[in-house]
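There are two complexes below, and they share chain A, which is joined by chain B in the first and by chain C in the second.
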Partner chain A sequence: MTLRQLFDPSAIAVIGASATEGKIGYEAMANAAIFDGPVYPVNPSTTGELFGAEFVSSVTEIDDDVDLALCCVPGPAMPDVLEECGEAGIGAAVIYASGFAEAGGKGEELQDALVEIADEHGISLLGPNTSGFLVPGIDLRCSFASGVEEVPEGNVAVVAQSGGVGLVLAFQSRRQGRGVSAQVGLGNRANVGFAEAIEYFDSDERTDAIVLHVEGTDDGRRMLEACRESDTPVIAYKVGQSDVGEFAESHTGALTGDHELYTAGFAQYGVPTVDATDDLMDAAAALGNSPTPDGPNVGVVTAQAGPGIIITDRIQRAGGRLPELTADTQERVDEILPGITYADNPVDTGRPMPEFGEIVTAVAEDERVDIVLVYELFEEAIGFPVAELDGLAARVDKPVLFATEGIEEDLADQRDQLADAGVPFFETPERAADAAGALARYARLHADNGVADGGTTRVDVADSEVTADE
Partner chain B sequence: MTLRQLFDPSAIAVIGASATEGKIGYEAMANAAIFDGPVYPVNPSTTGELFGAEFVSSVTEIDDDVDLALCCVPGPAMPDVLEECGEAGIGAAVIYASGFAEAGGKGEELQDALVEIADEHGISLLGPNTSGFLVPGIDLRCSFASGVEEVPEGNVAVVAQSGGVGLVLAFQSRRQGRGVSAQVGLGNRANVGFAEAIEYFDSDERTDAIVLHVEGTDDGRRMLEACRESDTPVIAYKVGQSDVGEFAESHTGALTGDHELYTAGFAQYGVPTVDATDDLMDAAAALGNSPTPDGPNVGVVTAQAGPGIIITDRIQRAGGRLPELTADTQERVDEILPGITYADNPVDTGRPMPEFGEIVTAVAEDERVDIVLVYELFEEAIGFPVAELDGLAARVDKPVLFATEGIEEDLADQRDQLADAGVPFFETPERAADAAGALARYARLHADNGVADGGTTRVDVADSEVTADE
Partner chain C sequence: MSDAVPEPIASARADGRDTLTEAEGKALLASVGIDTPSFEVCESVDDAVDAAETVGYPVVVKVSSPAVTHKSDWADGIGVAVGLDSEPEVREAAERIFEAADERDIDADVLVEQAMDLDRGTEVIVGGIRDPSFGPVVLTGLGGVFTEIFEDTSHRIAPIDRAEARSAIEELQSAPLLSGYRGSEPADIDALAEVISAVGDLVTEHPIAELDVNPVLASIDGVIALDALVVLER
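Showing the complex of A and B:
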């Protein structure tokens, strides 16, 4: 199965499109209409135009190669709708309705019936029970949710089990000034699951990192193997550390499963895990915009000691370490700033100053350092060392992360300059340190486990996967 | 010692004021000049005006009752400066310079000498080695840092051991739309430490919650006792869970100390602890703007299951619990929304809808619920249930927290309306859940330990306090 027709369609049909504002068939059509290709509203009981396109009564009557159907009809209508899609040669469908496997009983049977029809016609099914997906780079907004038209393009593919959490992550990416290459809510994963999505985005040239939001899946082995096969870094957020039980099952038809088992499994297959939505997007920003780190050794440069202590503590707890700098680097730092507050790792300059960028360069060039993290409260008179940071990561072939705090309007320009220079940017000392920690864990997992070479597995978590009741 | 002259001065002298931009004596004067009372630039080698005020050569020559001196001179000049302050009847001084106790040896002797002079004249010393403090409500900006003039007034007093972290917290409070009643960087705590600051802000009518950033202190017992005596809720962020050692000591002259000992001590004295700057400000927003919760039982209402699972998991891990709702409440919920996605706790409505506010009210009125947490992705057509949330917390006498995600510009108006209604607002599901968890822990600490009644202590951590080398 290729997901080309789902994520890169030539034309789209919105089945159950409606002229009534507030209805899913209206909201989905409004967002789909942004697409720069043909979008057909389909509804047998409506005529006229919607967002400039003429209503048609059935997908079988469209004189065009439609790849993708957005299905805004109730669950019980889906089998007939999907049959028609098959007849029309449509290769992908998004099913927004709920009341399928997550509801148990008849809902489960209905979902099984859909999968059968889809398999017969070779249709990729996203959902059911999803808010859909976005590919901002081609203006593809296949979601009924408010505001999705404002999610900007970035280089991280968000693959969320829950459509709602997928939206949370997409909106966060906008607030953080980053954006997404794609955002997908898998929902019930009728026949498009984690493995298929990971494989697709690994080969997607707009995507430099893949993040997973996982509640629980009965197909853990394939998900983990897809992670291992992926050349694009994958980071996972497995929710449900405490017992969420029945409520989780009612959601996307899967128990949240054994948290430790998943975490160990991800580690074994080369995937660092995190514990919050913002940490997930931060880790992706670090991994997706940096050279791959060779090891877990972080060199920290800070202009203020207090945040430096927080960062040092946090990196160590997150799996990174702060090596002593070489004598050469310490001498160099001392030459640049005689009487510097603290010349070892972290290097603390006490205040921002014009030499700050030179200090960062010296630490970045230290052979003991694999990852560089810079913290500097914004001072208007000094600004950020944009010139020194621009291109530094590529030159030393190491991630260089930057975090600051200040009045947003004052630092916006310089922040944009750092973004243009490809420097990952973080809002709090803890989040920057956690991102450096994720880089360190990624480096450890790919060095120790030999994951990159398909190395040996030690505990085969995939075989003891927790399964849902289906 | 009262800190009235420090935090509520009639007139201010800026000693070492300078007309040279970028110098601390210029930046501190620029910020101090915002104050709506007399501000005197003091410098024996400069004449003319600075920010509309005439230079004077010494504080002893000011014909006015100056309460507060901001000292922008190097450390070795401080003893003479402080003597003159004493002669002039100045009751409080901020010392920005570093090179005192945190530097060891002669620096320590210099600090001891200053404390002696201060004690003799009854001067409260903030610092040395601090960026100063802010009281936005009276336009008092006694800091040399960029951007402090933009920190808005709020109801949380930030007491940070590190001046830099104090600024981080103040800037965060602005980004979160909250502000501070005061922000203080204690630095070396020459004679104004945690205990003095807590006592002052407990009696400050602008302050409804106090947050502490703690690296380590040799006066743990007094700090903890001040916490216990405080009627205003106190929340603490103790940094240094892993070994930060020598670097921390070089900062404010204190080792970061035993993290577990501090955490246990705080708990025993009624103070919940958190583990990040944003969590600290979130917990304060929850505690400072809510009725005190009677217990740790959280009722969760969500419009989307995925964030609901995250929140449920996280609350349980943070010390809260989700009780089953009463049969009455479940029936009521079912009547409001027949066929609702999930009617127990969390209540999941599946999508936002006009009845959402009614559901929240039903859960808030459940006798088993002590704390209410609402999560709703923003939908333009529905908006937030502002009318139902306005006044709800006061009526049911329980905290009611709200979290959302969406396009900031779209939801800004409604967010402002919630803020006006006093509803604490959070940016991510995890941060909202962690704030509810902090409320739950606060309730537990004040119920179980009898802290509010000065109850019994079980392990006297204060006696085994880690001390710095002084």
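Showing the complex of A and C:
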């Protein structure tokens, strides 16, 4: 099954489109109408126009190659609707309605019936029980939620089990100035699940990192195998460390599995895990905009000691390591800034200064450093070392992360310049440190020796303590 | 799954059982190269005494019956007698087991096994399960309180190679106990990793719902499986 017709359709039909504001059939049509290609409102009991398109009575009446149907009809109407989609040669459908497998009993039977029809006609089903999906890069907004038209294009594909969490992540990405390449709420995963979505976005040119929000899936092994096959980095947020079983089951119709198994499985298959939605997007911003780190060693450059100490503490707990810089680098730093506050790792310049960028370059070129993290409070007279940071990551072939604080309006212009230069940007010392930690964990999980540690703690046991009979 | 059904699984199936006896379980482990103490399954008290001579004192005497899965809980705790140094001790332990089996109207043998010095090593638990979502999975943990109280276990999706098995051991918080603690001898971690990997292979290749090797005794001399519970898929 290819998901091309779902995520890159030629034309769209909105089945159950409605002229009544507030109805799902209206909101979905309003958002879909932004799409560059033809969008057909389908409703047998309505005539006239909606968002400039003429209502048609059935998808079989459309004289066009429609790839995708957005189904805004109640669950019990779905089997007939899907049959018609099959007859019309439609290859993908989004089912917004709930009351399927997540409700058990009859709902489960109804979902099974839909899967059977879909399989017969080769239709990819997103949902049911989902808010839909977005591909901002082609103005494809297949969601009934308000505000989705504002989510900007970025390079991270959000694959969320819950449509609601998918939206949380999409709106976060907007507020962070990052955007998404796609945002997908899988819902009940009738026949489009994690594995299918990961495969698709791994081959998607707009996507440089894939994030997963997972409540529980009955096909964990296939999901992990898709993660391992993916050349695009995958980061996961598995919810349910404490017992949310009953609620989660009613929510998405899945068995919420053993949290430990998920965490261990993700690590084993090369996927770092995080424990919060913003951590997920931060890790994706770091991994999706950086060369792959060769190891977990972080070189920190800070213009203020305090934030540097927070970062140093945090990185080590998050799975990173702060190596001593080489004598050459320390000498170089001392030559640039004689009498510097602290010339080893973290390098502390004491305050922002014109030579700050040179110091960053020196640390980035240190052979012991795999990942660079830069922190400075914004000082208007000096600004950020944009010229030095621009292209630095690519040249040294290491991630270079940047975090700052200051008056938003004052630093906005410089921040935009960093964004244009592709420098991952973070808003607090902790979030930058956690992102560096995620990079470090990714590097460990993908190290050639294949050593996979199980999570965010105890990372050094594998490195130092158990070496007795090696 | 492998086409060839190992003998212990075939014989349990032939009897219509889902649970292997300890002897069958250990034979299954032995078939993939996991060491077990030498043992004999005996149908009478006299056989048990002879077996004790053969395997050498001290010995352990255990009830052996498909009807008994939790041997040490069975019949007020007489199902497992450890540290038996002499013929009278073996005779008495075996008699009590046969009597208790008669009282409960079950078919039982006794298993006479070479006793291991538990102080010479660290007890480890290696388990295999078939998870509904992930399929074959292996679990590793240190025996006793570390697993029961601190839940210090690690999991891997099977099959896994030895390097991955090593990482499962090293990830345990209690791992330093295996690598030599306060002058104690380090356990053979490579051999333990082999056992974990082999348990993963067994669950992957055969219709096993659950495989518990508890305990595995890990010492500087190697790793030996002291008990085995194997439950087949129905």
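By our rule, the second predicted complex is superposed on the first by the 446 of 470 C-alpha atoms of A that agree within 3 Å, B and C clash if a C-alpha of one lies under 4 Å from a C-alpha of the other, contacts with A are read in each partner's own complex, and residues count from 1 in each chain.
Definition applied: a residue touches a chain if its C-beta (ideal position, glycine included) is under 8 Å from a C-beta of that chain, and two chains touch if they have at least 3 such contacts.
Being a predicted model, the structure only gives us computed values, none of them experimental.
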Query - Partner chain in contact with A:31 - chain B first, chain C second, else both or neither - result: neither
Report summary line: Winner on chain A touched-residue count between chain B and chain C: chain B
Report task. Identify the partner contact of A:258: answer first if only chain B is touched, second if only chain C is, both if each is, neither if none is. Result -> second
**Report entry** Touched partner set for A:218, first chain B, second chain C, both or neither
**Finding:** second
Query raised in the report: Taking the superposition as given, does A:406 touch the first partner, chain B, the second, chain C, both, or neither?
Result: first
**Report entry** In the complex, chain B residues that touch chain A
**Finding:** 21-22, 98, 145-147, 150, 160-168, 171-172, 174-175, 213, 215, 239-244, 247-248, 250-252, 256, 275-278, 304-310, 312-313, 316-317, 341-342, 344, 346, 348, 350, 377-381, 405-408, 410, 427-430
Report task. Over in the complex, which chain A residues touch chain C? Could you list them? Result -> 216-221, 224, 255, 257-258, 260-261, 264-265, 268-269, 449-454, 458, 461-462, 465-469
Query raised in the report: Which chain C residues qualify as touching chain A in the complex?
Result: 131-135, 137, 153-157, 160, 163-164, 167, 169-173, 175-176, 178-180, 186, 188-190
